[in-house]
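Below is one structure, written out as structure tokens; the observations come after it.
Note that the chains take the letters A, B, C and D in the order they are written out, and that residue 1 is the start of every chain.
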């Protein structure tokens, strides 16, 4: 609802030069477009959730506490990836509390984009798991949409199922129909920044995963670029919702 | 579907000068945009629900019985806040029956914006509560989205959790993950205006609340400005819907 | 997806003059806009459902078997209200099978607009009722949204609750919160045109109703004009959906 | 989100001449528009699903692994229908894994358009059926929307119910309200291309069907042209969703 006027491109040394561009795929523009999309999905309701994109040596992050569907490029925070210093800090905003978690995905998984949602389907699967023997991992098999999830390496968005082995013993490519998708679940904390340790622990313990569920909170999903992060986030949300419907029908998530 | 033509700005002494502006954030424009959004959510279906914005010394209110998603700035009623007199009364419309309830939020809670929805999720949680020991209050804890709700003071839309104590003993800032959100429920009446007494009573009895549920009717939510009212309304609707889903799964709302 | 070019306004004696206008509220334009809206609601999926508007001496009806969200003004059929003769019959289309049913609403209830939807919520309530003692009527009370439904006379879209008595013993105005809304249910037939007799019978038997549910099919809703028909259709669909959710929760529709 | 600039129409001998047109109903444009629509329905989430249109001697197919709602005409693959050779293969993309399945619909059923969705409702009905005596076919009767489905011949999108008999013994026209709709279900395979054999088998075994469900995967739906394929896909998805709701309510799908 805020009016959007694009000022002329500023001096290249100004922090604003980091966020103003006519290219819709510039991260400052792209984050805004993604958030409008995610708002319609119910993923970033009431200022929750967020997106971060690594772009060359810089990391772009949406601020905390803003209406995600109304964001403008000038709302973005920009960090230097190596030093962690802020190159741009809008005075009117607070940095996203998700920042350390986005950085964890970038540094430990060579991600290019990380998405955090408060999807109700993500929250509900963590609640269903909470009262089972499989409290700390969401598992599902033999649903075609699983093939939309990569094995955490540099898999593509296609459904190729290569046998190549990458570092850490991970296979390349995406999951196959007869594979079992496993997404770790960590417990929520009072403050979002305090999730960093357990998120990094889950990433180490589950080298194939491209996401971590947070109990009663939502999910973090990453990918090598925006397309992979977004499409994996969509596929996971589809699977979380389907899992809730399957649970209501009394159908098990992992087919024997 | 009605065509929208903005006439030139009228004489400053004309009541129309109160509602015609090229600024999308002018309350007359803002209410229209909010209602289009709320219609898509199913909150203002079939002419139900409404929005009011306090703007300086004036209060802007959407009329009764109009299709909310088709409203134009010239449909707005405008009241003088102090005297309560109408500065603008469109002849073709009736004042909103919610008016006394909006005014209650403005006067007792220093609100800047009040939203009334007929959300089905709000109605359903009041029905679930109706047959329990907790008939008159909706309580939920340990869901991250709770952090989107302020403590009824001048909390911001961020997730800060200050320890500052305000008048009336209320803490500043927003609720924390381990807090329990409590929203009072009042019984519906034959006529909406008659809710005023019980709504004011609920506000006095629950000084931290930013909303009041009305059994079998919907919810009133307020905030210090539009952003806070809207984002809190979104967070509450998220929580109402999640609560219905949790109830179906047999998961309690307040974690022991 | 079909391209839309408005040819210049034709000769006043041409049938095309009946459907071409720059006024968005002209029935030929209005029906198209309404159908785009209804398609998003899931009411006119897969060519099902329809809309008809009485405009002066003419009746405008959307054709059968077209994608409702893609309709153009030139797709409309136009009938003379008194004689029943077609003033305009697009050669590429078939008249709507709903036509006799729309005409029944216009002639027996002085309606100005009639809407037919295949809403799943309407179908589901008829299925729930099918196996109860209340097979032939859907009843619900003490839900605020009931106040959006008129008493079948020339009630307005407001929530006024007049005590005026109209012909046939009907009270004027809209239903009150403590009233019980009753919508008759008729059985479906092999051909839509064959519903006319039972629809007219239901209208005679239920003089207050503004709608008739058709088992395993959908609903017909009318009003004195488009605004009343549309808002009542929205309120009824809200109540049908809420009723299904209440049924799942074990909450009765009529409060004792 | 990618910007869309239409280059000038290329040399008629260039493969690009096959996909660039100002006509919104040109298959390369039409597929993009359909996919934006299907993305909103949740049918082509996370790069799943697809569409193919037969246009004269050519077959247009959306590529594999792309975000369907962002597709551009230049993303399309084009095959010669008779020889099966590619006339246009975008270097950046992989051919759709659905290609052999689309070709099966075109060759065995004289289809003009084939749609593949990962609709959750399709997946859920195959799961409900999996544990019943009716494992390999989804059946439903006496729901009005059934009349939106043709008998697999060259039925129209209207609800005509002709008694004409076509080759293979199939009746012309659409199903009637008292008919039973039956959609065969085949088991999913590790690779989508391997479904061809069982899909062709199902088409032979069920000459009236216009669709085949794939367990835990989705559905393939075809029609003589885009309008029929799309409207039948919508009607089927409506019926799949309704069937899941009916199952939850304990209402049988085939009325005795």
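Just so we're on the same page, a residue touches a chain if its C-beta (ideal position, glycine included) is under 8 Å from a C-beta of that chain, and two chains touch if they have at least 3 such contacts.
All of these numbers come straight from a predicted model, not from anything done at the bench.
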*Any idea if chain A and chain B meet via the same residues, over half in common, or different ones?*
different
*What's the rotation, in steps of 5°, that superposes chain B's Cα atoms on chain C?*
90
*If you average the Cα atoms of chain A and of chain B to get two centres, how far apart are those centres in Å?*
31
*Euclidean distance of C-alpha centroids - chain A vs chain C, Å*: 44
_Junction residues of chain D - those touching two or more other chains_ = 248
*asked:* Going by the touch rule set out above, what shape does the chain contact graph take here: line, ring, star, complete or other?
replied: ring
_Run through the chains and report each pair that touches._
A-B, A-D, B-C, C-D
*asked:* With touch defined as at the start, can you tell me which chain D residues reach chain C in the complex?
replied: 23-25, 30, 33-34, 142-145, 148, 156-159, 161, 176-178, 227, 230-232, 234-235, 237-238, 241-242, 245-246, 248-249, 251
*Which residues of chain C touch chain D in their complex?*
1-3, 42, 45-48, 64-67, 94, 97, 118, 120, 123-124, 127-128, 130-131, 188-190, 192, 214, 216-218, 244, 247-248
